[in-house]
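Structure record follows, encoded as structure tokens.
Letters A, B and C mark the chains as written, and numbering starts fresh at 1 in each.
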Amino acid sequence: MTTPVLDIIGVSKRFGDNLANDGISMSLGKGEIVALLGENGAGKTTLMSILFGHYVPDDGQIRIDGEELPPGKPRAAIGAGVGMVHQHFSLASNLTVLENVMTGTEQLWKLRSATEEARKKLVGIAERFGLKVDPDARLGDLSVGEQQRVEILKALYNDARILILDEPTAVLTNIEAERMFATLKDMARQGLSLIFISHKLDEVMAAAHRIVVLRGGKVVAERKASETNKAELAELMVGRRVTRPVREPSTPGAVVLELRDLGVRIGGVERLKNVGFVLREGEVLGIIGVSGNGQAPLARVLSGTLARTSGELLLYGEAVGNLSVGDVVDAGIGRIPEDRNGEGAIGEMSIWENAVLERLPAYSRNGLVDRKAGMAFAKSIIDAFDVRGGTPASGTRLLSGGNMQKLILGRNLSHRPRILIAAQPARGLDEGAVAAVHARILEARKAGTAVLLISEDLDEVISLADRIQAIVGGRLSPPVNAEEADARLLGLMMSGDWSHIAEAAHAP
Amino acid sequence: MSVVFDILASAGLWAAILRIATPLIFGTLGALLCERAGVLNLGIEGIMTFGAMIGWLAVFHGADLWTGVLVAAISGTLFGVLHSLLTVTLGLSQHVSGLGVTLFASSFSYYVFRLVVPVAGTPPTVMPFQPIDIPALSSLPFIGPAFFTQTAPTYLAIVIALIMGYIIFRTPVGLAIRMTGENPHAAEAQGVNPMKVRYGAVIAGSALMAVGGAFLTLSAFNSFFPTMVQGRGWICIALVVFASWRPGRALFGALLFAFFDAFQLRLQTVVEGVPYQIFLMTPYILSIFALALMARRARVPQALMQPYRRGER
Amino acid sequence: MRLERREHRPLLLLIGAPVAAIVAALVLSGILIAIAGAPVFEAYRRILIGAFGSRLSATETLTRATPLILTGLAAAVAFRARLWNIGAEGQFYLGAIAVAAFGSKLLADLPGPILIPLLLIIGATAGMMLILLPLWLRLRFSVDEVVTSLLMNFIAVLFVSMLIDGVLKDPLAFGWPQSQPVADHATLPKLIARSRLHIGLAIAIVLAVVVYLIQSRTVFGMQSRAAGLNPQGAFFAGVPLGRTLVKVACLSGGLAGLAGAIEVMGVKGYVTTDLSPGFGYAGIVVAMLANLNPIGVVFAALFTAIMFVGADGMSRSLGIPTYIADVTVALSLLTMLVALFFTQYRIRR
């Protein structure tokens, strides 16, 4: 093994009661790619934030080329050659690529920015690593993949020798992701050292030399990629065999929701094109896809918060116009929004208020809110759905993500919806909460609810859905039956290659 | 029509435009600087009032005029620190904090003024800045008296507008300010401290606002009286939007605005039968119109009015 | 050292915040009084005497609190829904001039019991009208309503100035720009004889309770609160954002307009351009001091009125400018902001 350029020695960090990092040690060699594997909440991002100086560790130290890095100083980290590529891009959409890259690279009080030199250096780096991008383009005009290239360029521009990438493929299509990993390997060959954070087993196996598995804030294992396999890694990552609820066979009933040639335009951009599907009672239809391919507008149209521009929507067999939120709720459609905190609940209001807000007509008389009934309803959700950490009158903000999701599920499922629109229902939840949410969805399916499951998590879709369609660039692929779908076929579907979908499968 | 032409053809109109524009240029540039870093500074109206009062007071007590301007600028920095404490350190609502600063700064101005000048009545005066004739240029026909016989602060305002345009678009610190106003998390990730940048921008911007106020008492008029700022601060806030957060356009916007104002003042004297209040309303109506015109088109700094706290997204 | 969000907000802290804020503001103003060379405690004692020392001064304080309650409510209902209506001053004037116009001539023939409620409604409606333009600009062009509603204040006062200098000018006012007085039978009945205190105070307090009930018990109240706290979440839950904001704006503008109407019908009888010593702006402070609670507004308005009325008396005897009252009130807004912050955050090292 090569000499380590980076040593993390016994790093611990506590947030309140939560020990996010517990004596973590690991190292990185020159020209090496190490994957940091772990579930959400395993402490990966905290560790990298400490390494980059965003957080000060409670204990332990970071050494670069044997020299200790002063804690909590991003500038020192940059100076030592550490570059970070965030999962949520740290870019300004109103500035140009060059301006984004140049920020903070010069003496602040210099009388003039050396723009020309900077442009030359940037173009040079871009060519060397095959990261082509127009330095004068406004960042907001670039695609997501291009924006990520800018993030990487930014780090390289600062002469980074150690590159940290936080879930780099989260927002990329398969093809973009493949291209990016090729670039990363090329960088490693040219002497850079890389750590990438991931919870996707495939890409970890494909791209890394070495894999460090994190669980509950501790390093639980370290493996060479050549000496392990996905099954072992999965078990290490989760710590136990994954027991997800079993999907019992069911016989789908009548078609309750159908879209035909549905289109949505927002600000002149076509977000959905010729979208069509049928959804039957007692089945789960999974919509898979890389984020940003039209999932959000699709969920919004069906939730009553966005009007379609064209196409037909048939509800219980009848063509209907644009639906308002009230129409949707009245029609017996339950909605689980993608953004729990932004859309799903109003944190500063109490639990009972959040429980009844979308059903105020039912919980009011003559314009007066029926507080008593609302409290009783909230109490019944708390009991039936095992919402912990709150009472009907306490603030919703205090609930954990999983409990907030149970509240949202509860307020929808308590009313026995005929249709359930679930967008990323388990995102960011811990394993226990994920299992609870999945069990509830299958329970609703068994009771005859038609479920539309929009998710980026393939495992989730495979274990819950009866049929699966992929959304790519605002278009929906033909459906495949879950039994026929394997990871390879779904991968192709998500990349837009629908030629392998058997004709028989998508006959309605 | 000939009336309109006569007004447009008088050098006095054009000289008045620059005079009217000067406090607006200072104020707009000050507000613009704050907003580029992501902080809306509604303290402007009060800070201008205080600058007008304290600058006048310093000169009234024997300081020379430039010292008066400097005193005003320093007072502005103090209010800038106050506004930064509330909005940057504590991350409070920029709207309410700014209004609080305005209410405090203006009532404090009146309090101090009344302590020094206890009796209402004709307020005492100072000898204000005198017009400077720029050699050669000022003797040009029409153009000379129109543009080159202004007081020194007017020339200063124009120079500062150009300098600020240069700083914002051509220097590292300008880029740091813009990045902080667009995405403070990104700025932090690249080693720029957004807190410091915001403090700096708000403090410097507030100083400019106060200087704009001091122009009123030390150049445009020669005395201080309560309510003399007359909403100029709010007009500056509107002008920042009109200027799409660009110093060059701010200069242009202030001049355009001053043109309408100077024009209506002259029109008032020749048009009969129209209540003078209608003319006085025009600056405010124009400001609202400018806001409506530009609000959708302008590229608002993305982090404007968003408090920044480390580690919180 | 860093700031950390509190998980729970102790009730004591919520009640203590405004008290601490007022104490801090009084301490800071005390420094200014001391700098002016006056004895600080004596000054505050005289302010209290000036506000409550006699039957006359006590009724005067309550009279002054009346419009402040209403403009305070105007700000509180708007701010709660994150509608930044800073135009209460202009709405106050528009309400006042509308009453002067209709109460002096157009409707003066109506009998009092019909005329008085009608005029109050007219005043409130006039106030509503003025907020609608800033609101429309926000909904249509996303223009920040703070600046537009502020600018509307100047336009409204000039408009009033034009009317009282023109069509509504009182010919008996020796050339002063002053509106014709409202008819005698249009003035509000007195609450206490031989004082200026009128039933406007009762109206204001009743309205505070009504607003409280609207906010806490009605569908509209819950929706407007949701819209203010998290517009995106409220929209997802089916709250009609635009319609809710229009209703909130009407309530807010109406209360401010009503304040103007009541001030004319209860105290002055006519309109001048110095009818309001900044009631609209002081209403913002009142609302913030009350932490946007309608019942709290009554007490916050009382504090503000004490400062204003008391400072008059104190000023006469100690020679401290009456502006000290404005300074204290403005300072209490700033200290209240800080105090509220510390009900939500704590300092951790």
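To be clear about the criterion, contacts are C-beta pairs under 8 Å (C-beta built on N, C-alpha and C of every residue); 3 or more make two chains touch, one makes a residue touch a chain.
Owing to the predicted nature of the structure, the values given are computational and were not obtained by experimental measurement.
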B-C against A-B, pair bridged by the larger set of C-beta contacts: B-C
Chain whose Cα centroid lies at the greatest distance from that of chain B: A
Centroid distance [mean C-alpha coordinates] between chain C and chain A, Å: 47
Centre distance in Å when chain B and chain C are each reduced to the mean of their C-alpha atoms: 28
Centroid distance [mean C-alpha coordinates] between chain B and chain A, Å: 46
Contacts with two or more other chains, residues of chain B listed in rising order: 310
In the complex, chain B residues that touch chain A: 170-176, 178-179, 182-183, 185-192, 299, 301-302, 310-311, 313
Residues of chain A that touch chain C when the two form their complex: 303-305, 324-326, 329, 335, 337, 339, 342-349, 353, 357-358, 360, 364, 367-369, 371, 398
Touching residues (chain side chain A, partner chain B) in the complex: 52, 54-55, 74-75, 78, 84, 86, 88-95, 99-100, 102-113, 154, 158
Complex contacts: residues of chain C adjacent to chain A: 7, 217-223, 225-226, 229-230, 232-239
Residues of chain B that touch chain C when the two form their complex: 42, 82, 86, 90, 92-93, 95-97, 99-101, 103-104, 107-108, 110-111, 114-115, 118, 230-231, 234-235, 237-238, 241, 275, 277-278, 280-281, 284-285, 287-288, 291-292, 295-296, 309-310
